[in-house]
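Shared between the two complexes below is subunit A, which pairs with subunit B and subunit C, respectively.
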Partner chain A sequence: MSNAIEVRELLYQVKTFEIRDFTLNVPSGSIYGFLGPNGCGKTTTIQLLLGLRRARGGSISVLGHAVPRGVTRVLARTGYVPEHPHLYPNLTVDESLQYHAAFYPGWDRDRAKGMLSRFDLRGSQAVGRLSKGETGKLLVLVALAQMPELLVLDEPTDGLDPVVRRDVMTALLDYVSEHKATVFVSSHLVHELERACDWIGVMDRGRMVVEMPMQSFKRGIKRLRFTQPPALTQETPFEVLSRSAAESTGLGEEWLVSGWEPAMAQALESGSGALREIVDMDLEESFVALLSRSRASLS
Partner chain B sequence: MFEHLDSRSPVPLYDQIASRIRVAVAAGDLEPGTALPSVRQLAGKLRVNPATVVQAYRELEDEGFVEMRQGAGTFVCGVEPPKRAAERARQARRLVRGMLAEAARLGLSGAELKKAAAKELEGI
Partner chain C sequence: MFKAIVYTQWRWSRLLVLAGTVTAFALPIMSVQGLNVLGEAAPWTARDILEHAESRSVWYAVLAGVLGLLLATTVWHSDHRGRHQYALSLPVPRWQFVMQRFGAGAVLLGAPVLAFAAGCLLAAASLTLPDGLQTYPVALSLRFALAAFVAYGVFFAISAATVRTAAYVLALVGAVLATQVLLEAAHIEIDLLGTFYERASYWPGPAEIFTGRWTLIDV
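Presenting the complex of A and B:
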């Protein structure tokens, strides 16, 4: 499968912040969750992908076009929901839609109209008077009505209430099922991406910490509880992210590991150790564990 | 039918979705010929990746629980009683395994469990 977005050895610097050795692969047709704490460089990366900032080095390719050279062709096929709304507050909702429609030959009026009522938005309402939730929905509506092949969403549901978040995710998945579009969505709200994404990339401090299919990410990170921890050798088939004394009893140890596979349990049992329990982690716990690991190795 | 899908569980979401449908078919809640929701509808409703729903439906089709008709949708197949019984037995084993794992964590013995199970089952 080809990649909708490919980034190699990206270098970007401004004052004290830098993105370095940054690699990204977003397979066509995937829903790619781009995770990272606030301020880690997600928005800057997205702006680089769409030619809104210039990199110092490396290469960026989006939908088969080099960025920034071919960026107009990229933008014609890309729906973008930026971090801050790019709407004119004095226009009404209807006028905003007409304004955007003029830029996109593929604009789907019927879809826009349908989503307007689904999202419970009034066409005559001034954009400047919309609530935060309504503005969020309008931005997603605008991005979807252009019938894009690629959707780039920068924290699309940040600050929205759960009902609106749900509406937005549903509209998004509905569009993707119908049109096989690729979605690149950034968020620090890990939970909301957990169900929908099939790929995941974790960024921290200007670097890509890890990029892999969601299934491997979720399956591979586990908490192991030992009554008797085994000896760590060069051959230990998984990576130990952290180890600590067991929380509750103080007896034995707890290890946080990545690259875990079910078959490894037997190998551990037959060795010197006594494995008491393998605890599944959700995406958020795995995410936090990975970040603290990467930070420890940097400092 | 799809309440409480657990994205934290090591059981992949597609498997959880397939499992719910299998149970409903085995229990007779879904009659043969019933149309399942479209991939698009179900993905939107559950807020999961459409590919996850497709994977669940494919698995069910391989097992003979549903039939995917090009352009028309996905329909529940008539499932023979022995197969339904086998599926019910499989679900029962799954429940017991979950319980045993929990019991092991709490350090409960087999005898203690049997006693508790017998007592709970008395009233049924």
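Presenting the complex of A and C:
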């Protein structure tokens, strides 16, 4: 499988913030969730991918073109929904669509018209007077009507109410299933990504903490409850992210592990340990655990 | 694409363009209107007419400069507000986008320039001048057009720059002024401002077009 986005050894520095040794692989046709806490560098990374900022080192390739050299060709095939609305506020919705359409030869007028009524947007309304939800919908409309091969979405549903959020996500997923487009979506709304994404990358403090298929991510991170914890050795086949005394009973230990496989339970039982329970974790718990681990190792 | 850019530019600048067009049309007519009225009451000598025409001429240059300045600042206003994210995310090379923005503003500047030419022609046609004096509506219109486009070009370049660059330009101007004050306080006869003015205002300085004769009526 080829990658729609490939980043190698990216280096970007500005004042006190830096992105260093950053590597990213977004497989073509995937929905890639880009997770990270606020201020970790997600938006900056996206802006680097689209040539809106210049990296100091490393390489970026998007849809087979090097960025920033081939950025114009990248942008022609990419739908971008920025974190902050970028459309001109003093144009009406219709005027904004006409202006945007002029730059994209593949612009689908019928789709734009259809989405306008689906999203219940009025063409005569000034963009600057739209509500937050309406603006979010317009940005998604604009990105989808240009018929992109790649969608880059920076917190597309941040601050939207649940109804609008569902409308936006449905429109995006409809488009992706129809056109097999690649989606790179950044968010800190973990549950939203959990439902939609098939790949996940976690960024923290300008570094990529982990990048893997969503299923592996969800399957591989577990909470293990021991009445008698086993001894950790070099050969332990999983990584212990954290260990603590059992919360409920105070007896035994709880381990948070990654790289877990079901067959490992038997191996633990046959050793010195007494495994009481294996608890599945949702994405948010896994995300928080990974960040804590990453920060502990950095400090 | 250019049409779309011109349209957005029109949406942002239409009041300015309309007001500029009306003013540019009216200014040459108004500047000779008084001349005719006065001429009927008491015949004017050629010298009086020339002096009268010259006294009005400064307003032509001012109008050209102001139009160029105001139009140039409105060109980038919306992009500055959005920190240029929108323009940069469009699939157009940056130089091409800048040129198209420049071109769109220049197209709109054409309206007051043409209105000024029409005003000059109408004003010239309405005048009856004594022997030895002539009207120069075409030459004045060309001068006005050139001055307006020079002002537009200069201020377009300045307003396209980042806030930091604008701060550098202001700091440079401030430094020149401060140096001049210090030189004068120390009784050192170096005229920095005068030199700067001469360099800018005389050929090949960019402001040369604003100096010289702007009169509609001349010998």
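In the analysis below, the second predicted complex is superposed on the first by the 299 of 299 C-alpha atoms of A that agree within 3 Å, B and C clash if a C-alpha of one lies under 4 Å from a C-alpha of the other, contacts with A are read in each partner's own complex, and residues count from 1 in each chain.
Note that a residue touches a chain if its C-beta (ideal position, glycine included) is under 8 Å from a C-beta of that chain, and two chains touch if they have at least 3 such contacts.
Since the structure is predicted, the reported quantities are computational estimates derived from the model, not experimental observations.
By the touch criterion stated above, A:8 is placed in contact with neither subunit B nor subunit C. In the superposed pair of complexes, A:118 makes contact with neither subunit B nor subunit C.
Contact with subunit B, but none with subunit C, is seen for A:176 once the two complexes are overlaid on the shared chain.
In the superposition on chain A, A:65 makes contact with neither subunit B nor subunit C. Once the two complexes are laid over each other on the shared chain, residue contacts for A:277 go to subunit B alone; subunit C is not touched. Look at A:197: by the touch rule set out above, it reaches subunit B but stays clear of subunit C.
Subunit A residues in contact with subunit B (one complex) as well as with subunit C (other complex) do not exist.
Across the interface of their complex, subunit C is touched by residues 50-52, 72-76, 80, 82, 84, 86-91, 95, 98-99, 101-104 of subunit A. Considering their complex, residues 5, 7-10, 12-13, 39-40, 43-52, 105 of subunit B touch subunit A. Across the interface of their complex, subunit A is touched by residues 1, 3-5, 7-8, 11-12, 78, 81-82, 85-86, 88-93 of subunit C.
Residues 31, 166, 169-171, 173-174, 176-178, 194-198, 215, 218-219, 277, 280-283 of subunit A touch subunit B in their complex.
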